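Chain lettering (A, B, C and D) follows the sequence in which the chains are written, and residue indices restart at 1 in each chain.
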Amino acid sequence: MKNLYTPRAARVKGIVPETRDVRTLRLALEDADEPFDFAPGQFLELSVPRVGEATFCIASCPGDTEHIECSVKRVGAVTEAIHMLDLESLVGIRGPYGNGFPMETLKGKDLLFVGGGIGLAPLRGLIREVLRARDDYGALTILYGARTPADMVYKDELDVWQGRDDVRTVLTVDPGGETPDWKAEVGYVPDVLRKTAPKPDAGVAVVCGPPIMIRLTLAVFDELDFDAECILTTLELKMKCGIGQCGRCNVGPLYVCKDGPVFTYAQIKEFMEDILHI
Amino acid sequence: MIAKRDQLGAQIAELLETMEIVAPVRERGRVYFRAVRSPDDIAWDYGTSVNSIKEFFLPPRQVLFCYTSGGFKPVSAVPEKPRVIFLARPCDARALNIMDKVFLGDRPDETYAALREHATIVGLACDRPDQHCFCTSVGGSPAGTEGMDAILIPTGDGSYDVKILSDKGRAIFPDVPGDDSTVPDEFVQKAEAAIRRHITVPDNIRDSFASDYWREVSETCLKCGLCSHLCPTCHCFDIVEEGDCRVRCWDYCQSDTFTRIAAGHDHRAEKFSRCRNRVYHKFDYYPENFGVVACVGCGRCARHCPVNNGIADLVNGVDAR
Amino acid sequence: MLDELKQHVRDLLAGDVAFVVAYGESADGRTAPVLAREPADADGLVWNDRCYFNLTRYLTDRDVMGDGEAKIGIVVKGCDLKTLNVLLSEKQVKRENLAVVAVRCEGMKDADGNLLAKCETCTVADPDPSFCDRVIGPVPQREPREDDYKDVDEIEAMSPAERLAYWSAEFDRCLRCDACRNICPLCYCRECLASQHDPRWIPASSSIAGNRLFHIVRAFHLAGRCTNCGECERVCPAGIPITTLMRKMGSVVRDDFGFEPGATPDQRPPLVSFAHNDPDPEEVKAP
Amino acid sequence: MKKKLKIVGFLCNWCSYAGADLAGVNRLQYGHEIRIVRVPCSGRVNPMLILKCFQEGADGVLVAGCHPGDCHYQEGNYYARRRMHVLRELLDFVGIDRRRFHVRWVSASEGAKWADVVNGTIEDVRAACKEAPDSALSLRGAAGATDA
């Protein structure tokens, strides 16, 4: 008898080193004729045989039909094993799960993306999707920070975004992380956000990063008088089942895996203490 | 129809040839639901059992699939023989309907669904609540029939009034006329009056989310999983790798590893926030999501709590603030 | 006696003690551990034959103790003092931060009113005053029976195959709820080996082999440390005779290394020490 | 079918490993059922390592170190002796055949003794396996269905 937890077999078709501890995998399902339809912001469960399963957001966009991409930072047993994988290694995929970004409500709006570290991964799929139909959206601003220039992911893509005149890209590194040739901002993401001070009517802000960054960034949005309904964040709390049953990723009554991972700030404000406990 | 214990016993002996029978049995002076080999094993006159019957629907350990050279081979957790659960209390039977909301919702769990389908539940109306039982405070009744296929109503002298509640129940008791499936009012009233513990689940429990109350009442909690493991509605699980297989097993929300990610972040790192989440999950979030409190008032959390700090007291105390 | 206890706790709380871990009442009226924080809280304290909880458990509870720098008080029985001695010898608590209030004890009873097994053989009902700051209550009149280790002997009398079958049946019932570990005052590891994910030393799920491993590891880690407070077995919902396992370990360290856990606050735990004439692991003892 | 035994040997670098080496140099024959893990000292052998071997399907475990009094680190094997004694008692108490787990002292000059120790251990483990094929700690047996 089949069950929800048996993954689909997939192979590693490409490995892109991003930083010293982040690599992006390009994955292809073995049963490629079965659809894998997803929206930007959704996630999947990636299995390494005999090691385990972990949750990763899909870093590619639905338009990238050839591969599914996930960026993986090496932190624990499963991610360690993922970093040991070679081309053509067998992995398992369950999903896609979660709600994804509300693409329809983003249409026609000015968009501000705020990312930190590996938190750029879910935003990258969204940004790609937006750039595919650039004319459907208003002004685009990308604020991205990492500890050091070397810790920035998707460097090629950052260059492309910086090179475009229809996207404003602000890069920053943590104080102390700058190198002599670093020309862009130095400062923590929330501080740089405050400095660049977008206007509250700017449209929609999308935030993703480590918990502490999300927390402080949302606080800056409060200061700047942003409407909590117009701030989207994508959360990644510990998940196992991915389908709202195992009971660990809840934010109040909402399950990150099922009702999220994309939430408006308004939805989760009440439970902030329970989500972003530092 | 009135049946005597030995009549039912003889029937169980017959059923044992083709079915697995789960019933309360006495072990070391306490009562547990176990698969029985003979009707003689059954503790007919039990009051409350230590474990609930949830383990027969959500197994404590379930192999999901095993690795093969080229992929993943699912493993069935459904036993061949159909199962009858005898003498389940109304609280435990009702808990299944509550768990159904999670496991038979928009993404039905095949194993759970099959085990539900596979099992017939013959309940036992409750005339022996103890001081921790509070089913009537959370929408249940000691004479409730929710989740059952048949119910036995004790009439004294080791006899039972057998009522059929579903086709599955009829298959077990083909001789019982199915025209009457109501529990007599007299029994209901007497049984409900025997429930001594009453708790109040405040309507505005959400308002207390930020209260210091949670720090105070969780102080002595040991963060063990005893209450979750015995709770008939607690269903949180973990998915782990064991040898060549992946396994689903019970987990508990007070555990240090429940919400901690590999990178170290734990969104419920402090004891009080776990304790609070546990209470809210049952009495606030579950009602919001599924329209029913995820507690059946069986009293196990209080009865067995190592430090006598049961959930019932935690939720009951919220209103007192 | 209770009044004396209450008054003493009140005085402590009026002084420099942040809180006192003591026996009080739960919301549903049962005896339970409580933390008295205000002098007025002392009014609710109790002392009765249901005070079996070993409150030293809370001395290493980080959620309760915070940084562990505040001075606190604790109510103990003579047997709990042994556990406190182990914690002190393992440098887990600072004696100078503790106000230890010992209560003379007539023995604790189970739900059926029977004296607990450990109380029948208790030799510390009248606590050693050198280990505490205050002793309260009348001197107990009970005569302890000598501990015959009958439970351990019964199992040792079995053949290896019978022992395996016996323990398999017991471990099979284990739910892995961790209550035994979490109530144990000496299971204070910040990260329990049994919960570790990477490496996964012990499987998380409940299976006979995994459960057996869990209990073996726990027994080994408590060998020479366990003071036999019996809390693990008391709370076990499956009724597994955990103390028998612990008592076996206790008898090994006593007979072979001459060690009595918790006898003093400055012992060196037996498994981090040795003697030149220790028995060889291959030596077969005469039955 | 006769099952091939798997025995894990933890050998201290300074004595027993050298002893095993000597046995090899002298071309002494002994059972090949043993797999050797070299450790700096028998005192390094955490009981968890032994249990993990059984967990992963080993039929027996042998810990070998310098003779008490001869430890390269003065006293490492004294600690090992105590710990292993307690572990052996414990395993025996829960019904795990003590013949499956041995602790022996073999010096660098005792090549012949090493061969005897290995052969004796294999014999013991084989006898234990005859009575009960599984160590009762193996998860491979308990993991349920595995891929054939």
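The definition used in the following text is that a contact is a pair of C-beta atoms (placed from the backbone, for glycine too) under 8 Å apart; a residue touches a chain by one contact, two chains touch by 3 or more.
The structure displayed is predicted, hence computed values, not measured ones.
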Far-end chain from chain C, centres as C-alpha averages: A
Chain pair with more C-beta contacts, A-C versus A-B: A-B
Computed distance of Cα centres, chain B from chain A, in Å: 39
Distance between the centres, which are taken as Cα means, of chain D and chain A, whole angstrom: 49
For chain C paired with chain D, centre-to-centre distance based on mean C-alpha positions, whole Å: 34
For chain D, residues contacting two or more additional chains: 139, 143
Junction residues of chain A, two or more chains touched: 76-77
Sites on chain B at which at least two other chains make contact: 67, 73, 238, 240-242, 244, 247, 251, 262, 270
Residue ranges of chain B in contact with chain C within the complex: 27-30, 32, 50-51, 60-61, 131-132, 197, 218-220, 222-226, 228-230, 238, 240-242, 247, 249-252, 255-257, 262, 270-272, 302, 304, 306-310, 312-314, 316-317
Chain D to chain C touching residues, read off their complex: 47-48, 51-52, 55, 68-69, 75, 78-79, 81-98, 102-104, 131-132, 136-139, 141-143
Parts of chain A lying in touch with chain C, wherever the complex brings them together: 76-77
In the complex with chain D, residue positions of chain B that touch it: 63, 66-69, 73, 75, 242-245, 247
Of all residues in chain C, those that touch chain D in their complex: 155-156, 158, 160-168, 193, 201, 203, 207-210, 212-213, 215-217, 219-220, 223-224, 245, 248-249, 252-253, 256-257, 270-276, 278-282
